[in-house]
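This is the structure I want to talk about, given as structure tokens.
Naming follows writing order (A, B and C), and every chain is counted from residue 1.
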Amino acid sequence: MTVSAAPAEAILEESRGSRPRRLRGSSDARAYGLGTITVVYLLWALVPVAITVLFSFNEGRSRSTWQGFSLRWYTWDPTGSVLNDESIRTALMHTVTLAIIATSITVPLGVLFALALDRWRGRIPAGANFLALITFVIPEIALAIGLLFMVTYLATPFGLGAWAQVIGLVTFQLAYPIVICRARLLTIGSHYEEAARDLGASAIGAVRRVILPMLFPAILVSATLVFADVLDDFVIVRYLSSDASTETTSMRIYQTARAAPTPALNAMATIILVVSTLVIVLGWLLYRRWLKRQGQATDLGSFAGNL
Amino acid sequence: MKDRSTRPLWPILGLPAIVWIVLFFFVPFYVVLCVAFGVVDPIFRSPIPVWNPLEWQFSQMGVVWDRLVGPDNFYLPAVIRTLVYVAIAVTSCLLIAFPVAYFTARYAGKYRGLVLALLIAPFWISYMMRMLSWINLLQPEGLVNTVITMGGLIPIDINWLSGNPFTVVMGLIYGYIPYMLLPLFAALDRISPSLIEAARDLGATGMDLFRRVILPMSVPGIVAGSLLIALPMMGDYFTSDMLSKSPNTAMIGNLVNLSIVTPGQAGQAGALLILVLLVLLAPMVLYTRSNAKAEVRS
Amino acid sequence: MVQPRRPLSRRRLLQTSALAVPGSWALAACARAQPLGGPTGAASASGGTAGGATSAPAELQIASPTNPVKWPINPGNEPIASGLEPESNATLRVYNYPDYLDKGVIKDFQKEYADYNVKVEYSSFNDYPEALTKIRSGSVPYDVTFMSYNYMARLVYGNLIRPLNHDYIPNISDVWEEFQNPWYDQGWQYTAPYVIYTTGIGWRADIIPEDIGARPDPYDVFWDSKYAGEIAVLDDDREVIGMTILRDGGTDVNTSDPAVLRATRDAMLEMLSISRPRVTITGYTDIPEGVLSLSQCWSGDMLTGQFYMPDGVDPSVLRYWSPPDGRGVIGNDFMLALKGGENPVMAHHFINYMLNDAVSRKNSSWIGYQPPLRSLTPDMMVADGLVPANLASAVVKPEWFQVGYPLLELSPEVETEYQAIWQQFKAGA
């Protein structure tokens, strides 16, 4: 799904506590009241998920009555567990594969476009940017059906299936890196690049060795967000899927939840949750590490040395 | 000193994305038009797209139009219902998200990072999984009913999953509220503390401060957040499908979905989609414009 | 760094739309000769395209018990030769309702044909219209599918199914002889029978103590506000329309009479406001779990429901009713080999395997539906304990096929009418 990117970056910056907050003169009662609302909201938002994770370790078949702790639905149930049910494993593999491929296409495409948009005036890039922003807010079903029709009625080299799903996902997510990187580029400004050019770098060299490194945090953030979002996507992958081998975990949850779900479903959802969390944490760690290293490399002197 | 040789660089960098957008956003949209304004073969009733705009047929659009405004307009209740659900859901999201975002921006202090991380968490917890959790809890013997009836003491008997519109609206709220929280938080965060202190120094307190300083400044964030969730919500069909399965809660997305899977009705699905997009065009443009303005301002 | 005020000016818009006409020529050149898969009627009318032409007649031939049909074998779609070896390393793609084939049976099949290293991939559809749309689009090379009468003519004329070579399917002798020459496929050229069923009403007796069958018109329970909010009808347009026609006293569930259809539509909308039913095929889990207390369902649903009971609830609370004289909706599903499949020989072997007496019994005990086996008479089913006493009414008697109402294929115009009714029903009151 979508979110305006500048806040995403801002959030990650803010949570490092870079700007101090003073509550001089504020009402404590108000703070506690709002705080309570926030806590209640967080509980409402996250407790159901915690329960789902909990029941993935349930001994019996029920998803609402606790029957004891067991890894049954992960390993030893003969037909239903994640290990033994091929359809669940296929769905997990396919979801992660789609996410990796889609992210690797979306992020470079978006970053390059953001760079171009920063410097290239004109109607064509502006029009394309406009369309990209529209994909942010358009109901996903419209995009999915458009691509479904295109694959069905035009002689595309691919049919429905993994490639169509990747294309749909990239198109839907393209706005993320564009918006995030563009916002970051606006903050960076043009003087670093100009300085590098003045010191003799070529246009491409300036971009490669000055701008891209400075852009890295934004690239990282967009890659993380896109990856997590693709893991979760439903409408596009559903309409563009072909047979059972192109099902994703969200599709499996949807189909099975309407029929006869067992805790294996919870197990599958938990695994995906773990994967996304790992990716997010990885992205976060890389981001912080990079920023720490940035502290040494931001001044122009070392840039001149590198050129 | 502008070097002329940099000029071709930027278009080349931007070209892949532009080609992609044209190929996979623009062209599909045109194909939808051609199918919606195409014909249907008489025996198998499969849609045949008509590529030349000059030869477009409007019969399928006519059918959909009739179902919306004609004498037998049975699409209209679903459309109205969707608008009502979305309005209620967006308003409720706002009422819940605003205090939470406000707290996080202004009062969280040293817990800010933690709270933010928890607020962002739903983004990477699959939407489907969150819905799944709720289906679980809303079962007749699930946790919600157990809590409400205090373990069977109070004889309230609500079947949440029986096509109850309340459940569907709650599902929408639950699913989309994280997407409103972040823009709202960002907007509230941007209000500089010195401005607030200045207002306080001038004598504004409490309700006054909120009404005359904070609220007006958060309007762009409210608008952006509302559009950001309202527009995708209009196309939602799986929330109603998973939590209700009753025609009494059918939304526009359900209508489109049904037409797609029914043989011979792809053209009608396309026509309905086009109408929906036309209606949503103004808010979509509004959103992109306000986004551009926000960029300029920052 | 300012974005232009108007990203899409009017002049630009006009310029772009002017591109539409020549652009459309370019697209037309890129269009597929046939939409992914099946040729359309229009293509065949113009004398066939690059793909195979269909022999679509001006009118589709509709089969019925009073009008048995022997389908043509289209040129280019002859049955495969006899004596061929099954394909090695095949991925046999089966397309069926969810939970409608025992996974254990699939594993057994793979073991039996382990020499050929076959892998079965099971995909599911929600209803026949969805299946037909997917099959026609040709997007997936399914090998075997399971269907009923609704689309036989379309499948044949659309060149979507493959005529069977009977040499590969000796197990046909395990099933009722009628199926070697059924009215919907004389000479069983394309089909092999799967299971038989009736459509009726299922419920849990501990939640609904009333004996639904004792009502003068049991179908009326869906227009009774007594159970509003806890009931469901099948997510199948033909079944719901059929039931409404029967409730109103009609007997032609395939009628094209506009007056009857209008009345049916009004009754269905009335149903929505009176009893607010859900629309789903998952009654076989929802009723056992208590999410629903009553649903329109197929006879096998309650039988398989026994395995979905939550802990602590005895399966004997399940009930099923269908007209005891057999004058209700009755039908059978059958297996088809799809022309688009990549493993025709293995598909034949699969069909043959499913017809086998022992395999069929094992499959049925899991999916709940009754196989038309020679060795299995209805009286035996209860006596041998295959069917519990509380669900004896779910057993299908062969003589019912003489008086029951099958859901037949509809001509395109009539089908459009039915679709419109269903659309209106699903759009909500």
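Criterion: a contact is a pair of C-beta atoms (placed from the backbone, for glycine too) under 8 Å apart; a residue touches a chain by one contact, two chains touch by 3 or more.
This is a predicted model, so every value here is computed, not measured.
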### Message
Ranking chain pairs by how many C-beta pairs touch, which one is first?
### Response
A-B
### Message
Please identify the chain lying most centrally, where each chain is represented by the average of its Cα atoms.
### Response
B
#### Entry: Reference chain A; chain at largest CA-centroid distance
C
### Task
Measure off the straight-line distance from the CA centroid of chain A to the CA centroid of chain C, and report it in whole Å.
39
### Query
Roughly how many whole angstrom separate the Cα centroids of chain B and chain C?
34
### Message
From the mean C-alpha coordinate of chain A to that of chain B, what's the distance rounded to whole Å?
### Response
18
## Note on the structure
In chain A, the residues touching two or more other chains are 65, 118, 130, 153-154, 186, 258
### Task
Please list all residues of chain C that touch 2 or more other chains.
1, 3, 7, 27, 31, 35, 280, 310
### Message
By the touch rule stated above, which residues of chain B touch at least two different other chains?
### Response
27, 31, 34, 49, 139, 141, 245, 288, 295
### Summary
Residue positions on chain C within touch of chain B in the complex are 1-3, 7, 20-21, 23-25, 27-28, 31, 35, 38, 40-42, 56, 60, 126-127, 129-130, 132-133, 136, 154, 157-158, 229-230, 232, 235, 272, 276-280, 289-292, 310, 412, 415-416, 419, 422-429
### Query
In their shared complex, at which residues does chain B touch chain A?
1, 3, 5-6, 9-18, 20-22, 24-29, 31-32, 34-35, 49, 96, 99-100, 102-104, 106-110, 112-113, 115-137, 139, 141-143, 174, 177-179, 182-183, 185-187, 189, 193, 197, 200, 206, 224, 227-228, 231-232, 234-238, 241-242, 245, 253, 256-257, 260, 266, 269-270, 273, 276-277, 280, 283-284, 287-288, 291, 294-295, 298
### Touching residues on chain A, where the partner in the complex is chain B
1-4, 6-8, 10-11, 14-17, 21-27, 30-31, 34-35, 37-38, 41-42, 44-46, 48-49, 51-52, 55, 63-65, 109-110, 112-113, 115-120, 124-125, 128, 130-143, 145-150, 153-154, 167-168, 170-171, 174, 178-179, 182-183, 186, 197-198, 203-204, 207, 225, 228-229, 231-232, 234-235, 239, 249-250, 253-254, 257-258, 261, 265-266, 269, 272-273, 276-277, 279-280
### Query
Which residues of chain C touch chain A in the complex?
1, 3-4, 7-9, 12, 27, 30-32, 35-36, 93, 95, 98-99, 103-104, 121-124, 137, 139-140, 142, 280, 282, 284-285, 308, 310-311
#### Entry: Footprint of chain C on chain A - complex, ascending
60-62, 65, 67, 79, 87, 118, 121, 123, 126-127, 129-130, 151-155, 159-161, 186, 242-245, 255, 258-260
